[in-house]
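Letters A, B and C mark the chains as written, and numbering starts fresh at 1 in each.
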Amino acid sequence: MTSIVATQTKSSSLASVRDALLPALLFFSILGIWEFLTWYTDYPKSILPRPSAIALAIINNWSLLTSNILPTASVALGGFVIASIVGLGLSLLMTYSKWTKEALYPNIVGFQIVPKIAWAPLFVLWLGIEFQSRLGFAVFISIFPIIISMTAGLKNTDPTLIRLCDSLTASKLQTLFLVRFPFALPYLISAMKMSITLAMIGVIVGEFITSQQGLGFLILVAFGKLETDLMLASVLFLCFVGLFFYSLIAYASYRLEVWFGNK
Amino acid sequence: MTDQEILRADAHVLADKVQKIFNPGKKQTIALESIDCRVREGEFVSLLGPSGCGKSTLLMMIAGLETPTAGGVFVGGKPMTKPREDIGLMFQDPTLLPWKSSLDNVLFPIRILKRDCDKYQKAAIDLLTRVGLEQFLDKKPAQLSGGMRQRVAICRALVYDPEVLLMDEPFSALDAITRDEMNQVLMDLWQDFKKTGLFVTHSIREAVFLSDRVLVMSARPGRIIEDLKVPFERPRDFSIVDSAEFNEICGYLRSKIDSQH
Amino acid sequence: MLEAILDKIRARGITSAREVLLPISFFVFVIIMWQYAVDQKYVPTVILPPPGDVVAVLQANRDFMAGHAMSTLYECFIAFICACTLGLSISCVITLSYFARRAIYPNLVIFQLIPAIALAPLFILWFGIGTEARVAYGICLAIFPIVVSSSTGLLNTGSNYLRLCQSLTAGRWQTFLRVRLPFALPLIFTGLRIGLTLTIIGVVVGEFVTAQQGIGYLISFAASGLETAIALAAIVFLLFVGLILFAALVCVEFFAFKIFSGVSAE
């Protein structure tokens, strides 16, 4: 309670500097303690390597790490794009055909209850151990948020605005492109944030199960050789890939806010 | 000509024994019971009534967005079966597209009607200037005040030059001061454009100030219980609202509405 | 999901028979097409065994599969309870302490972006291939959404409500219990639902990787042995595990809302 008043009265630059410093301080002190304790107790490197050892592993294995980015990133992105397009198509179909919606939607929602991750081995069985199985699984796992959010988004357009379009003798297609779709865009963007994360999960799990390349594969190889520093370095690289995709979508969401005149 | 045809020719907007029943069957609600209502060309008529009396439903039927259960609606002598280009509509909410500038919002009907946007650009700018928004042509709705948004909505309803303008409580979401302001803006525009207007409201003063005629509707099921001609000459000035005659009319209409309870 | 369906039924009853029959007939249609495709040998049985085979497997190996399902259910349950307790305590600390909030919250948001799924082998390294590894991994996946969602809910109480509390000279704890918590309930439960999904993902992936026991192990083992019918039957069991867990969560949610509406009515 008092803290809220404090931030309101002291909304000076001092406070904002502190807001940035505090989390950074916590972050680096955790790294420091980690480094110190593992050095001081001589903790086994294979169980918890020091942060500096991870940094060293990145430098030593630079080309190995970078060459494994593309197989993972391209399959995740491909799966995400396919899921977005197909999901969008399906939700449009369900918006404009009542019968399709009534037949499909409850089944889709019901299917959501099955933990989808469990299907991963079956995709390997169906589509082989090449990239197709991982792509298929990434599409499968990331398509649901798109379908469900977009169907909700297309349905939630301001009904008065639809009336306005009707009164102007607008065709269904005009209403869709000029009004419904732009209004559903925020839903699409927030679904995409979820969807790209899921596509990454799909590809990584796929690579765990069967793969000869990619960062997930590298993690397993490093694990097999007990090179935990290389393993964590690969995880870090996966973070960068995820962060890159995520920031792309965050940027799109920012542009959207500008377009809507909210910023 | 038959009587019917004479009747139609005289009225620009005609509701002929219109009845509207929702959910016909056991749980039916009679929203409107045999409404007769005529608006001559260039006339401004207000529909006044308590909320839920079906006045908006009547307006939507005239706009061709709802179909009457019985009776007929005619605009310009032709029956309304579906929405038409010669009718403009305004709602309680401005219903602007948030991602479009004021100017683009005004030009929205032109795009829908697939007319040439460049040709209407000047008309749109003129209209926006007329309502005092020349500084805000490229601003988005989020950057405008409530009154400004409703001004944009008026311009949007007028830009494609419909013959009839239907307004569904367009100012009821605004604060009292802005509302008076908007009444004057609308009055100003009216004197120039001379459209046929039908205005739904539950504000007595607003109805009397704006209209040539005020129709009072009863609570559900809606019927017209009073048809009053407003005697003030046009062009009107806002000062008339302080006159004794104005207040007397308002008092009379108030008693008519109250007699329903 | 489940409560969406329940809401629908509660809100307006099931209005038309079509709304029920259409999805069911679509489902039946898919099953028939599946059977037909296998009968006509469009797809080999290895890829897609006929529905009858799956049912037969389900009947024949019921006890054996139920044992694995119980293991998965148990591990999910333990992991989720731990993740809830830990996650909600952290968000309470974040809400009540200004410094904790400033220091921890931004880090949490960044940590959430780490693909925690990739850490699976690390947990084997730390906890071995037993239950501990899978439970810890499930906790690790579930805890971030729980903390982020519930602290967002607890922090974003309407400022006018907080001013009201201030004007009534309510203490920090009073404000927390009477205003912040009830207002945050919907977001807290959103976080818990995401957390539960991730717990299940964590345990199942853990079972893939540790290959010791559980439905996940069964699925990956069956798939690698081209026993597709067993894999599909195992997925059916996993569906029940998910249903039981979600139903339990929905019950808790129902009672939580009931309790808090009672408090505010006092």
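In this section, a residue touches a chain if its C-beta (ideal position, glycine included) is under 8 Å from a C-beta of that chain, and two chains touch if they have at least 3 such contacts.
Since the model is a prediction, treat every value here as computed from it, not as a measurement.
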**Prompt:** Which chains contact both subunit A and subunit C?
**Reply:** none
**Message:** Taking the mean of each chain's Cα atoms, which chain ends up nearest the overall Cα mean?
**Reply:** A
**Complete:** So the chain most remote from subunit B by C-alpha centre is C
**Asked** Where the centres are mean C-alpha positions, what is the separation of subunit A from subunit C, in Å?
**Response** 18
**Asked** Quick one: subunit A and subunit B, Cα centre-to-centre, how many Å?
**Response** 49
**Request:** Please compute the C-alpha centroid of subunit B, do the same for subunit C, then give the distance between them in whole Å.
**Result:** 52
**Item:** Junction residues of subunit B, two or more chains touched
**Value:** none
**Fill in**
Contacts from subunit C onto subunit A in the complex sit at residues 1-2, 4-5, 18-19, 22-23, 25-27, 46-47, 98-99, 102-107, 113-115, 117-122, 124-126, 159, 162, 165-166, 170, 172, 175, 197, 200-201, 204-205, 208-209, 215-216, 219-220, 222-224, 226, 228, 231-232, 234-235, 238-239, 242-243, 246
**Request:** Quick one: which bits of subunit B touch subunit A in the complex? Just the residue numbers, please.
**Result:** 60, 63-65, 82-85, 87, 89, 91-93, 95, 97-99, 108-109, 111-113, 139-143
**Asked** Of all residues in subunit A, which touch subunit B in the complex?
**Response** 158, 160-161, 163-170, 174, 178-179, 182, 259-262
**Complete:** Residue set of subunit A touching subunit C in the complex reads 1, 3-6, 18-19, 22-23, 25-27, 46-47, 99, 102-107, 109-110, 112-115, 117-122, 124-126, 197, 200-201, 204-205, 208-209, 215-216, 219-220, 223, 226, 228, 231-232, 234-235, 238-239, 242-243, 246
